[in-house]
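Each of the two complexes below includes chain A, the first together with chain B, the second together with chain C.
Then we have the complex of A and B:
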């Protein structure tokens, strides 16, 4: 029946081309080459299909030039915290006296174990033994332990706070403390107790000598009490 | 088969039936655009409301909380305090330093579906930057950056020019900012430290289990399984933390310093994203910030 042709018949005209293709393939498969030294090998561009040739070209990358970096903020301001602190201290402590009083480099600085008197802009002064000095730039603070109504009281005083009018050394410790923090002074065995008498004596002496003569007073008082009348 | 010479007959043939072009095929890479969105006959017509699940609706909804201008990347330097010499009020503060912050690229609605400014900070040795990334930086005419982050902006007006520098003066004293940074990593932490579990008693017959988590859940009643999201021991910290509404106390433009009130999450030296506070009125920047205008490179 001519109307019911097999469906493969429609593709029949492809047969010769498929056969030719197969023949070509066999030809490639049986291709043999004589050994050629690697030094003489040539890029076989002819063997590469046209569509792939671009991929086999010489690899040339255009060099990307990096833009040079602008100056680093770290070079301009390597220690930002010190910069901020310095700008603060120029206002809070223009003479630098308080910085010197608690500087580690200053041999005459206030040390732990000294009795300090802090006078505030508002309210009563507070005196006590210095247990700890916390050096943190503008946040520098000292821990004082004194007595109020016979009760041991400790107080952290921010040294650079504008509320603090002055810090005075009432009495120096006889020998340098061998600890950085004298927390053992909290124990009843070591507690110094009230420093009221020391402060009273100190105030009396100061009144006699006068604040103007503070320098001579400190000179006469000897090395141990050299900073005694320093008003900061 | 050699390539056929196109005949005038080919001009009218559909492209599909024509022989394929010769040469290596170029694959397109990159983010697929969602703009314009696909046509949908159910979603187009006159006087139809914008559907709430479309990108346009999402952009409109978020417009209120997206800042009009970009933020900046900064390094956390550390904490200190500022004193008011008159009132003697002490304010704890965090110092942030802006280091070579430059605009690297833009994200646009047309191409990416949203508006954002890609900002880079710091610097990197060019030999340590991959070629594609180096090209990205060089095209923007900026040096290779160590940190790159995106800041979403409301509209086209917020796209600060590519290659422009953001200095500390970008922020105004007294304005409020939000900071985002990764918190300090605590490592593997138990339930007590990580979630504040109360642990178990020290005595009353307890033996060797004082900091244990206890039970992870009920048995049959709740399915004899551990419910998803159960708080357990694991890696703690090193997660992004946003601190909102920090007041800018001080700006030191030549040194690149921005001092904000209070604490910022993360260790010293960590990278911090600063942007105008979402929950405060946008700052009124009257004077346009001084920026170095760089000509975009022609690559």
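Then we have the complex of A and C:
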């Protein structure tokens, strides 16, 4: 019978095998398998290249060494800036007088609007109305405005500077200034002008009273002076 | 900060009252205290400060410079605040200069007004010694 097959169906013998394959595929498609626990799973060795088969199942990676985190600086010094400021102030202002003079908590502290006199180690003293106090720890500075030879001069002075010998209150403002920065005193309308007379009076008074109680004297004298000025 | 066209007070007795900056020398920035500039005299003083009133004869004699003259000058005060090495900051209420000749000697014989002590760093000690005060 095979001889009777027409020669045009030369590929006919493929058909049964294709049919078989299709049936198998159909079978696989509808196949349902029960889940196998992972412990029973065998290693799939066939998929691994021959060269790597020896390594299979062994732990090849090294344990990563865990480096303990460095000790926190916070435990050693919780407030480093405050500590540094304090240590610097202990050198620059051992008595704490200047800290007190510009402390916010001190009711007798120098305030804006007061006439301050700054004595320098090198050079002449400078006096002027305090326009602004910049409280920044060791960098605390005051802005003084004065008149020298009829020219307005403004000067920021670092309070804790080693060049500053002393800061004295020549005259206190009669009433508390209602602003933190008295920049309006730069306007000609509000300009106080020269404080030379006030400083001269203050120096004379200080010379009479003596240097020992000059600090307290300046406070009281300032008040007296201010009253006088008001009358004038 | 003195630059082109800035009007600057002249504080010596050379006869100039207000001068205008036309050039800041040796710099590409604005001039500060101690810097040399070229100025044009814009306004003359009516009389020399020391000659006093009624000296109409001495007007021309006291005035060593005239309006329109081009001169060299040194800045002695600036409105712009500048910081010193010690941290203090200084500023004045006006800009002022002193006229000098080409060789650097002041034209006037006296100054009226405070000058910045930065002049010393720039070797203007002659001007510094003429000044009544320096800061």
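The rule we apply is simple: the second predicted complex is superposed on the first by the 141 of 232 C-alpha atoms of A that agree within 3 Å, B and C clash if a C-alpha of one lies under 4 Å from a C-alpha of the other, contacts with A are read in each partner's own complex, and residues count from 1 in each chain.
One rule holds in what follows: a residue touches a chain if its C-beta (ideal position, glycine included) is under 8 Å from a C-beta of that chain, and two chains touch if they have at least 3 such contacts.
Note that the structure is a prediction, hence the values are computed from the model and not measured.
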| item | value |
| --- | --- |
| First, second, both or neither for A:121, with chain B first and chain C second | first |
| Partner chain(s) touched by A:97 [first = chain B, second = chain C, both, neither] | neither |
| Touching partner for A:86 - first (chain B), second (chain C), both, neither | neither |
| Which superposed partner A:18 touches (first chain B, second chain C, both, neither) | neither |
| Partner chain in contact with A:66 - chain B first, chain C second, else both or neither | first |
| Superposition-derived comparison: chain B or chain C, residues of chain A touched | B |
| First, second, both or neither for A:138, with chain B first and chain C second | first |
| Touched partner set for A:158, first chain B, second chain C, both or neither | both |
| First, second, both or neither for A:180, with chain B first and chain C second | neither |
| Doubly contacted chain A residues - partners chain C and chain B | 139, 158, 161, 163 |
| Residues of chain A defined as touching chain C within the complex | 123-124, 126, 139, 141, 148-158, 161, 163, 186 |
| Of chain A, residues touching chain B in the complex | 50-52, 54-55, 61, 64-74, 76-77, 80-81, 83-85, 88, 91-92, 121, 136-139, 158, 160-163 |
| Residue ranges of chain C in contact with chain A within the complex | 77, 81, 86-94, 96, 112-114, 117, 132-133, 135 |
| List of chain B residues in touch with chain A within their complex | 3, 22-24, 77-78, 80-86, 88, 90, 95, 97-100, 102, 123, 126, 129, 131, 134-135, 137-138, 141-144, 165, 250, 252, 254-257, 259, 297, 299 |
